[in-house]
Each structure stands twice: as C-alpha cells, then as structure tokens.
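Here it is, the structure in full.
Each chain gets a letter, A, B and C, in the order it is written, and its residues are counted from 1.
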Amino acid sequence: MRARYRAERRFQLYGLVAIGLTGIFLVIVLADVLFKGLPAFTQHQFVFGVKVDAAEIDPNNTRKPDEIRAGDFQALVRNTLRGIFPEASDRAARRRLDGLLSSGAGDALRDRVVADPSLIGQTVRVSVLTSADADLYFKGLGTEITRRAGRGTATPSDTSGSIEIASTVTDFASDGTLTDAEPSQLVAINGGVVKLTEIRGNRAAGEVLLPLSSAAAAAPGSWQVVTYVTPESNRRVGDREVVWLERLKEMGAVRSTFNWRFFTAGDSREPELAGIRGALVGSALTLFVTLVICLPLGVAAAIYLEEFAVKNRVTELIEVNINNLAAVPSIVFGLLGLAVFLNFFGLPRSAPLVGGLVLALLVLPTIIIAARAALKAVPPSIKEAALGVGASHQQAVFHHVLPLAVPGILTGTIIGMAHALGETAPLLMIGMVAFIVEVPHGVTDAGTVLPVQIYLWSDLPEIAFQAKTAAAIIVLLVFLFVMNGIAIYLRRRFERRW
Amino acid sequence: MDVMVHPIKTPGPASAAAAAAAPDSAKIIARSVNVYYGDKHALKDVSVDIPERAVTAFIGPSGCGKSTFLRCINRMNDTIPIARVTGEIRIDDLDIYDSSLDVVQLRARVGMVFQKPNPFPKSVYENVAYGPRIHGHARSKAELEEIVETSLKKAGLWEEVKDRLSDSGTGLSGGQQQRLCIARAIAVSPEVILMDEPCSALDPIATARIEELIDELRANYTIIIVTHSMQQAARVSQRTAFFHLGVLVEEGPTETIFTNPSDKRTLDYITGRFG
Amino acid sequence: MSAIYLIGLAVLVAVGFLFGLARAAATARSGPLHSRPPYHGVFVALGVLVPMAALYVIGVPVGQRLAESQALAAFDLGVIDDLKRSAILRDVQAVLAGRFAGDPGEALRRAAETYASVRWIANGTLLAVGFAFGLLGLVLSLRSVSAPFRARTHVERFINIVLFASATVAVLTTLGIVMSVLFETLRFFERVSPVDFLFGLQWSPQTAIRADQVGSSGAFGIVPLVTGTLLITAIALLVAGPIGLFAAIYMAEYATPRFRAFVKPILEILAGIPTVVLGFFAALTVAPSIRGWGQALGLDVASESALAAGVVMGMMIIPFISSLSDDVINAVPQSLRDGSYAMGATRSETIKKVILPAAFAGIVSAFMLAISRAVGETMIVVMAAGLAANLTFNPLEAVTTFTVQIKTILVGDQEFESAKTLSAFALGFVLFFFTLTLNVIALQVVKRYREQYD
C-alpha cells in the first residue's frame, strides 16, 4: 500500500515538474530577451561644444537651408574631438579617434543649425552620437578596470612617445614583454597615460597614449598602475580607445539618454543609427490590409456556416477545409502568395498589400472558427423570439444574433491579428526581406514588418545588432501582450451568462 | 397557495356555447398534418379546427407532439433543418404551407410566446418596438410610441415599466419578462397568438397574472396555449385538445374533456394515471 | 477611366436606391407593401450594381488583353515567349508614359500607338456599355417595384449568395495552394525525375545553376532533408511529448482551479511567442550553450546543431500538446473515473489504467498535429539549424529541413524557371501533403473520439 502511495506521489511530481519546466522555459526566454535587449533602449552620446565653422558648412554664406543641409557637419564634430585629443595627429590615430563617432554624429547638429542659421559661427553645445562600439563600451561590454596606487616614486623619461618609467620599488607585475592576449597594463601618471609594453624589475617601458604634463617624478600614491582585465585582442575597442573614452567620461562629456532614435529611424547598416520605424509602419499597413480583408470575409463565412448553410456535402467540404487550412504550415501560404499574388496577378514584391493578403488568408480560419463559436454562444431563444415576431431569418441574425456575438468576434479577431503580427515565414517568401531604409507610405510601397526586421537583424554579424534585435523583440512582445490583454479584457467584460 | 384557487371568470354562456359549437367560426383548420424529424414520425395525421377569439389548450404528456403541432401553425418548424411537414393548415382560408407564401408575413399574423421568457437583451421599449419597426407598421416615432404603449397596456405591464422603458428587458422579473414577450407579440397586431407553456418557468403569482391576461386577450385574439398543467388548461381554455404519442386523441369543449372524456387515454391522463 | 466608371457606378447605385425608396414609399400610400421601402431601394441599387460591377470585372482585363495582343501584332514576331512578351509590353508602357530611355524605334512606336488607341476604344466601349447596363438595370428593377413585389426576399437571396461566396474563400485558398505548388512541381519533374527527387541521397541545388547541369542526378534528392526534418522533429517531440503530456495530466486531473488559472496563462503566453523570437533564442542562446557544454564534455558540437533547434522547437509545441491533450483527457467521461475509484484504485492508477487508454486515440492525434506543426515550422530552423544537407542522425551535427531549403531557395534573387527555383515548390508540395495527411487523420480521429463520448 505504501508503495502505491509513493507511486502516486511520484506521478504527481512528474506533472508538477513538467509544468515547472514549462514555466522555467518561458522565464528563461523572456529574461534572455530582456537582458539582451534592454541596453539597446539607451544610447550614449558625447556632449561637446562644437564650433559651427561657416567655412565647412556654408562656404558661400548663403544661409539657405538647402545649402546648410549639404554641409559637412560630421567634419565639425570630428574636428572638435581632434581638438580634445591633439596628440592623435597621425592618420592611423585620427582614424581610430574618428571611429568613436557614429557616422550620423553630425545629424543632430545639422538639424539645429538648419533650424537656426544664426548659430553659424558660434560654439554650440550639442549631443553627438557615439559609434556602436563606443556605446557598447559604456554599456559594459568593454573591460573591467583595476587601479592600484603606485607604492614607490615613479619617474617617467619623457612626456610623449616611447618612454620608460622607473619606480623606486617593484610596482609592476612580473618581468617580460606584454602581449595583447593578456590583460593590458597601463600607468596613469602626471595627467597622462602610458601603456606598458615591457617590464624589467622596477623599470617599465611603454607607449604614451595620453601625453604627460611633465616628466617630473611622481610621489608614491600620486600615480597609479591601471589594468584593463580583458585582453585587448578579446575586445572590440583597443587600449587607445579605452583611454580616450575614459578621459571623455572623466571630462563629463559622456551622457546616456533614452534611445528615441530606435523608434523614429528606419533601418540602417550602422547599428547605432538603425531603428524600427519602417518595420512598425510596415506592420501597421500589413495588419490593416489583413484586417480589412479577413474580418468581413471571416464574419460572413461564419454567419453562413453557422446560420444559413444547409447540411450537405458542400458545407461539409467547406468545414473540413477550414479546419485543415488552420493547420497548414505558414510557409506554404508564402508559396501561395509568391505563385498567385506575385507571379500570376503581378502585384508588387515586398509590398504590405501582398503581405496583408497572405496573412489574411492565413488567419481567416482562426477568425471563422472564433466567429462561429461566438455566434453559436448566442442562445437560440433570441433568434426564435425575433422569428416569432415576424423577422426574417436574416433580420433575426443581423439584428439580434450578430450584435450579441460582436465581443466574441472581436476577441477572436484580436487574437488572429496578434498571430498575424508575429508571423514571419510567409512574408519572407513574398520578398518583404529587402533592406529598406525608407519608411513605407502606402500599401504598395516596398516595406518590411517587425518580425522580419528581427530576423534580418539577427542575421547580421555586428554584435551591436544583437541588442537591437532583442530590443525589437521586446517591442514586438509588448504589442502582442497588449493585444492579448485587450482580448482577455473583452472576454471578461462581455462574458455573458444566459 | 390561494393562487391555485384564484377565481377564474368562467366563460359566459354565449361564448361558451359558441366555442363549444366551434367549427363554423373556425380560425385555423388543420387537416392530416404529419411531422417527421428525420426518421422520427413526431406528429401523426392531426386534423383539428381552432375557433376564433377563444383559448384552445393543447395538453398531453411530454413528447406527445403538442408543441410540435403548435410550431406548425407559424411554421417555426422550418428553422429545424431535419423537420418535414405534410398535410394542410389554413388560417382564414390561407394555406400556410403554400410554397408562394412568405413565412415572415405569416409569423406577423401568428405571434408566439415561448416557454422561457426570452426578451431581447435590449431596452423594454426596443423589445416591443422591434416588430412594428421591421414590418413598417408605424409611420412616425409618435405612432411607434403609441403602439408600444398600447401593447404594454394590453399586456398589463405598462404601469410597472412606464418609467423605465429604456432599462434592459432582461432586468425585469420572470413574470414581467413573459408579459413583455406577450406585449412584443401583440405589438405586431397578430390574429393568432401561440403560447408554448408560457408559465412553466414562472412562480405561482406570476402564473396567475399571465392566466388573467390570457383571459383578457381572448376578446381580441385567437389563442392557442400548450400546457403541462391540466388545472391551467381548465382555468383558461374554452376548448382542449389532448395529444398522446403524436396522435390527437380527443378535442372538444374543455368542460367535456375534463368531466366526460370519450377516450380512455384521455381519462387516464386527466386522472393522473400517466404523464 | 476606372475612376470615372467607379464614380458613375456609385452615383447610379445611390440614385437607384433613392428612386426605389421613393417609388416604394409612394406605392405604400395606396396599400400595404410586402417589403419595406428600404428593401425596394436596395433591390434597385443592386439592379444597377450587379451588371455594372460584373461588366467591369470582365471588361477591364479583356480590354487590356486586346490592347496587348494588338500591340504585339505590330512586331510581327510569330511565336514569342513569355519573357520577350512582357519585355515588349514594359517598353510599350514606358513609351506611353514618356520615360523610355533612348530611341524606341519604329516598331515600338507603332506598337505603342496601337496599344493606346485600342485601350482608348476599349475603355470607351466599356464606359458606354457599362452605363447602358446600369441604366437598363435601374429601369428594369424600378419597374418591378410594386406592393406585392418581394424585394426583401430578393435582397436576402443576394446577401445569402455573398455570404456563401465568403465561405468558399477558404476552399479557394486551399485550391490556390494546391495549384500553385502542383504546377511548379510538375514543371520541376520535367527536369528532375521524381525517383531521383524522392530517393536521392544528396541535396545540393546550387549545382544546378550551370545550364549543363540542370537535372543532373543526385543534386535534388530529398532524403537528407527528410532525415534532417525528422531528426529535429523527433528531438522536439522528445522534449515536448513527456512535458506536455504530464502537464496536461496534472492540469486535468490534479490541479485546483486556482492553479489552473495560474498555469493556463503561462502556456498561452508560451504559445503566443512568435517563432522568430524563439529562433533568436535558439540561435543566440541555446546553440552556443549546447556547444559550450559539448566542448566541456569533449564532444564536437556543430554551432548550428540539430539539438538546439529541436529543443527550442520542443518548447514551442509544449503548449500545443498540453492544451490538446488536456481537452482530450477532460472529455473522458466522469463515469469511467468513478468506476475505477470505486474499485479502490488510486488517482495515478486510474489515470494510467483507465483514462490514458480511453484518451489514447485523442492523445495520438494531438501528437500528430504537433508533428505537423513541427515539420512545418520555419523560423526556428531557419535561424538555428544549418543549410548543409547532411545525411545523419547525430543530433550534435548540423542538418537542414524542408522549410529551411524552401526559404533559402526562394528568398533573394531567383533564377527564372530554373530547376533550383522549381525545386522549392516541389518541397512545398511534399510538405503540404505530408502535413495535410497528418492533419486530416488527426482531425478525423479527434472527431470520432468526440462523438464516442458525447
């Protein structure tokens, strides 16, 4: 008997474990996406005073918006940054310094100056977009930095170039040549930073990354040995960039803001410039087409099948058909769209119109089934009452049954639309995968949708796009939760006990 | 329980005589009516005459075909796909199973009140106004309001609902709902009102109220009532038809049926041997 | 043209409605109508709408075809293929729109003129005939307005036809799917033999790019795709089968209503997560983890292993299996349970000995539907499984599936009419019929099962 009860408990446990695993799966997926995606909702910017040089942006002094718009604002920002780090004078160093800036760094400044040409010639404090790598660095994808105060008195041999630092005690780690496969060792001394390349006892040779103010001896505790724990070869930003970025941070020139651009910009090859506006608009247009087609069709079909259909072969065929259609793989609907809508009817590729048509056919069974259930739930006594006072069958249905089924139909429709919103595969087939920067304006413009955008970004090699992808997923999931929430609310609100 | 002995106006001698003598003033004439539900032969060869401006009660045990026959008279059976009706039913010489007849117009002439009160989940006013509106009985809003008021008055509901015409009909009590359904049926000015066990879902007080109402309506309408309760049939009807196993066993003046039935099955039923 | 026609149509329909309404209202003064005046109005409006709309739907493409054939006749080319045809027509359009680059040449100019004039005549005719039809419909339907006329019956019949037509859209969709995959598949089989396709052990459609290799045997064998698909599906079922089933049993037999109310949304949320999200999760989180664990154990795991895709796909179908099985178990009559309890069986014994056997058919069909779902799933495998058609049953290696190949072949630039492009439709054909068969059988089993206990 005891064994039987043990078996009983074990069996129950299996069930609980199964449900627990399911819950854990869900939590892991959501947590993973949140963890990866949330950083993409903020963006780091440099705040500089940029001198708006008329020679760069309006050489003819016309002050015309078109002329100004064509100006090289990127160069203005670049020059400002070079002004902060004048030691980066050779081409290679300058290129690395420019690399801290986004290729859209001048955009905000351009907009301001176009709006207010009187700024030309002045120094304007402006937010400047960082490059994706710099942004990631500030978000913690750089390196851990440890600092240890120097115990001896250190004397640098010079203020720039390759120098040697001699300490009075053994302040540096073990002897040898440092490579970029191990943590970087630097020395912050006299307002400058030296990257160590070789250590011999109390002496270390290195490269000056930020020039020192003097070659005077530094007292114990006034200088530091700095370690970038992550080896340089494992980082997207080199030691030089780290030094610059840390210095900019010390200067208070780095700011983190909410990433509005993510919602207002179209797609881009540059992660820091890419946004989901195009995909959102594309999704809205596509869903609009889907709704306009499948709601009337689905409700009409449901009314016919539930109220007017005579039980015969044809009706049965239609019903079996609808049930099976609901289980056809979505990619097959894509083949249908490709063969019929694109190749046969010659509709435009990549257009929300075609996407909407395909999704309408895809969710039609869902809507028909939901609408039929809603119609069936209206008690027959209501219809009988209407028939009893001499309403025709159609009047009884359209005046009484259908209005009472509306909440149920709406619930089903919202769930169907949520399904359509998350659908990807059939849209790939009809070419909604093109790289499109423009936000579509109509249902025949080329466009993409949110899930396809997610797919496209997930395929890109840049690590910064990973966060963008996850952020786009968060947006998609928020939409889906809201839609399903509305559906649940409607169901609860209008649930009627007859 | 005094409700059960509520005094019922016995039909006056003149009308009772008219009803008893019936057939020459028959409103509805049924001849050899058969109903099949698929393979099931639900109603067998029923022929009966229903007198005008009188209450005819259909009684009999469950499943005896009385409701089925009732639903033939306004062709409600048409809504059941597997139902098939043969034979002939005439209302004032109009063959209601004539293929050229519009069922909708028939149902406007033959109103129906159902077993369970089934007001539309709309306002009291809308419930009553719906019928006249779809039939175009009112030319103006004022006329429609008048129809609604008269119908509610005839159904004895006006005093109770006149201040809440815009409240939902489903918010009324059961008895009020059923009277609302009667008002709704009256509103399209039918000639015949069919009542399918109208009191089965009501308490005794509401039942008495409805029975009283039926008796008042008799002056203007031909009423057929299906009932489970023999007392009710005795109280409200002038003629009674007894159905058993799909067969119309016996039909005649109510008094005769209850005091001196000619068929043994009727006697067994009214004395409570079965049913 | 279309604008004029459609505006005219709208105007005539409105006029028809008002005339019908007015006439019926006038008739109503002298006696009762069968139908209310608005129905007469709608009837007359339909009398205008139906012939005019029908003519438009037929007339526009006919006019177009006519103009095209006349324009092509100007070229005197004898037999011309589809490609050339559409190229010429594009040029004609370009000339007419005035954006043809360079000199169109005599023939093209003539073709453009012919095209324009035929279009003009066709449009004119369509407009004239259309309005004539509309007016005729208006007059005829207006004449039938009378007291006994059953306008409502006619309008309702029309509405009924519209409702029926809507219901047939689902059938047309299925038909469209069958047609679109069938025709392309037949054309594919003109190039590649069905035997090679079904039994070939090698899948490498890329080799077909060169013309001399089109149809070369071995390149289009679907066996590796079948094994790849089945491998991933099997892994998914191994994950989702026990979890989904045990969850369903617990939910149906043990869970309190409050627990159900708590767990149901979890399953619904999981079911509602778009597969592209799960694909992202599989590719960026699960696959690297599995690879990492594999390396820790000294195993060589492909970065796009079947295991990762399969496990995540299993997560996808857990809610599917559990909710279907839950329904099925709930449908088992209480009397069977009571009988078992009365014999002194414990709950788990009742479930194992009575309920599961009784629900067996239903559970099997739930699994079949789940398999069909897994086989047809695209995004998870596109993002997490590989492209290489390896013939293997090792879950740690990369495999490819039907859906991955269809997507890979059809996304991006396609070579027109090549065996490679057509092969995607052939894959679609196999996929469609495989899932359809599973669905039909499963739905039939469920239906039988329901009837058995109803």
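FYI, contacts are C-beta pairs under 8 Å (C-beta built on N, C-alpha and C of every residue); 3 or more make two chains touch, one makes a residue touch a chain.
Everything numeric in this text was worked out from a predicted model, so none of it was measured.
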Between B-C and A-C, more contacting C-beta pairs sit at A-C
When you take the mean of every protein CA atom shown, which chain's own CA mean is nearest to it?
C
So how far apart, in whole Å, are subunit A and subunit B when each is placed at the average of its C-alpha atoms?
69
Centroid distance [mean C-alpha coordinates] between subunit C and subunit B, Å:
52
Using the average of all C-alpha atoms in each chain as its centre, how far is it in Å between subunit A and subunit C?
29
Identify all positions of subunit A at which a residue touches two or more other chains, and write them in rising order.
392-393
Specify, in ascending order, the residues of subunit C that touch 2 or more different other chains.
152
Residues of subunit B that touch two or more other chains: which are they?
104-105, 134-135
Residues of subunit B touching subunit C in their complex?
102, 104-105, 134-136
If you look only at subunit B, which of its residues touch subunit A in the complex?
74, 76, 79, 81, 103-108, 111-114, 116, 118-121, 130-131, 134-135, 181, 184-185, 187-188
Of all residues in subunit A, those that touch subunit C in their complex:
4-5, 7-8, 11-12, 14-19, 21-23, 25-26, 29, 32-33, 36, 296-298, 300-301, 303-305, 308-309, 317-318, 320-325, 327-336, 338-340, 361, 364-365, 368, 392-394, 418, 421-425, 428-429, 431, 433, 451-452, 454-455, 458-459, 466, 469-470, 473, 476-477, 480-481, 484
Sort out for me which residues of subunit C touch subunit A in the complex.
152, 156, 159-160, 162-164, 166-171, 173-174, 176-177, 179-181, 183-184, 242-247, 249-251, 254, 263, 266-270, 272-281, 283-285, 315, 318-319, 322, 346-349, 351-352, 369, 372-373, 375-379, 382-383, 403, 406-407, 410-412, 424-425, 428, 431-432, 435-436, 439-440, 443
Write out the stretch or stretches of subunit A touching subunit B in their complex.
310-311, 379, 381-393, 395, 399-400, 404, 496
